[in-house]
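There's a structure below that I have some questions on.
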Amino acid sequence: MLAVMHADSNLPWFELPLEVRDYELDIQGIVNNANYFHYYEHARHAFIHSRGLDFAAMHARGLDSVVYHAEIDYRESLRSGDRFTVRVRACREGRLKLVFEEVIMKAGGREASSARFVVAMTRGGRPVPVPSDVVAALASDVVDSLATKA
Amino acid sequence: MLAVMHADSNLPWFELPLEVRDYELDIQGIVNNANYFHYYEHARHAFIHSRGLDFAAMHARGLDSVVYHAEIDYRESLRSGDRFTVRVRACREGRLKLVFEEVIMKAGGREASSARFVVAMTRGGRPVPVPSDVVAALASDVVDSLATKA
Amino acid sequence: MLAVMHADSNLPWFELPLEVRDYELDIQGIVNNANYFHYYEHARHAFIHSRGLDFAAMHARGLDSVVYHAEIDYRESLRSGDRFTVRVRACREGRLKLVFEEVIMKAGGREASSARFVVAMTRGGRPVPVPSDVVAALASDVVDSLATKA
Amino acid sequence: MLAVMHADSNLPWFELPLEVRDYELDIQGIVNNANYFHYYEHARHAFIHSRGLDFAAMHARGLDSVVYHAEIDYRESLRSGDRFTVRVRACREGRLKLVFEEVIMKAGGREASSARFVVAMTRGGRPVPVPSDVVAALASDVVDSLATKA
């Protein structure tokens, strides 16, 4: 999946600029691995919000989103004072999954990390198809490009 | 307040044994200050639970608890592998406040830190008197001893 | 101390704009108390850096800084999506202490929290007088204003 | 890789019992995904320590360990009060990689999450073969079983 998405270089990215906070460093002076999860989650939520989606409103309709698989590659460490950008994009995989691809680019243009998060929508704890308005808001470009390939 | 409570050495302590986790260390190799908040909160909740109180049930009755003042003294650093005990006790201060006194003792018997958390109960966001069953469960010994002094 | 500093409204503030990240929320939907520590620490470090101080270089000279007392007042909760500004200023207290006063202002102009952190400089684990270049960089205005009052 | 390791049910597990701390919960009342990273890291370090390895001593010899790939599956949520056990075991993959397989089992015997962490040893930032004493301490059983299969 990652390979496919990388290959299609036309897909747009949402970008969120951030900087390292010193409390995120560990004893080796580098950002602790768990904090990448925080960066990636914060960027996903900013992306979702930027597309006009309101997960609180969906929750009121009984719909929740749940991450059930995560993969992270670590290429270069982040250190005190580093500035970086988190890139996010999403596609639908089958009827039940949303896949978020994310990349952390350091200020100098080098890739520090990349990740893939698989998310399901649930109602009353049971998976349901990703609603069409969510697909349209988050993933329309990707779905189009995949449809073109089919 | 701290002084008074220290002076009355008869007050019982609830004790929770813990150990440092390496992700809690910062670049200097010592536990980051913010993690003491986590230790103290976790110990308060364990203390409350040990007294048979159910804040979830109180929340269902519309009662919430809110920390509105915190003070922490740091005496000795905690490092990788350190084992320690968090001591907790509580008293009522006036009709509206619960005060939790907490101390972190290192395995060797030295005090690493002490703290004081002032908590209010609220209903619909407004402070209400601390319910008598909460006082009875958490703070009866202390209230008795203060009453004796009055 | 807080009262004195508040009273002297001429002291300048360093300001750092931030926003709530959803992973900082707790089960009540408000920012967990421990995360205010993170906000305050990050703002202090940004303030120190903005004044041209390099604590890494000081560390290489054998000088470390240690927080040994912290006080935080919580006035209003921070919630998902909230934007806020952390204000920081510092003064010297005696020869051995630096006091950082900090305030978190919500976007609408209301104070969410205020805090006071007492910091010592140490060499080989023992307190030493705050170096004059540190005082000059961080706290000159305040020291002047206090001197005027003496 | 996960499949192979699961298939060989004779491999021993190191086990670390833990419980959920309320500050680890998010607004949905379940443990935030990033905290699983903390649980897994803490259990790996406890496992390594239990085998008599001293990464601080290795660091003094110029050897560091770096996680460069992580995968986590989330099956069931962890909630306030939940007790669980983190299981850890390790094997060598090629000359350059250590693979840690980890599982979080809830108190009732259900699997909450499983994970795989790929670790490299580095000297001066460059990958080096995993030292034979590290392999012997962490991964001998697994290496034997894989050798048998070859």
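Order of writing sets the chain letters: A, B, C and D. Residues in each chain are counted from 1.
By definition in this document, a residue touches a chain if its C-beta (ideal position, glycine included) is under 8 Å from a C-beta of that chain, and two chains touch if they have at least 3 such contacts.
These figures come from a predicted structure and were not determined experimentally.
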More C-beta pairs touching across which pair, B-C or A-C? B-C
Starting from the Cα centroid of chain B, hunt down the chain whose centroid lies farthest away. A
Find the geometric centre of each of chain A and chain B from their Cα atoms only, then give the gap between the two centres in Å, rounded to an integer. 38
Any idea how many Å lie between the Cα centroids of chain B and chain C? 24
Cα centroid separation between chain A and chain C, in whole Å? 33
Residues touching two or more other chains, restricted to chain C: which are they? 22-23, 32, 34, 38, 41, 80
For the chain B and chain A complex, residues of the former touching the latter: 22-23, 25-27, 29, 32, 34, 80
Please name which positions on chain B make contact with chain C in the complex. 28, 32-35, 37-38, 41, 64, 66-75
For a test of understanding, state which residues of chain D touch chain B in their complex under the given definition. 21-23, 38, 41-42, 45, 49, 56, 80-81
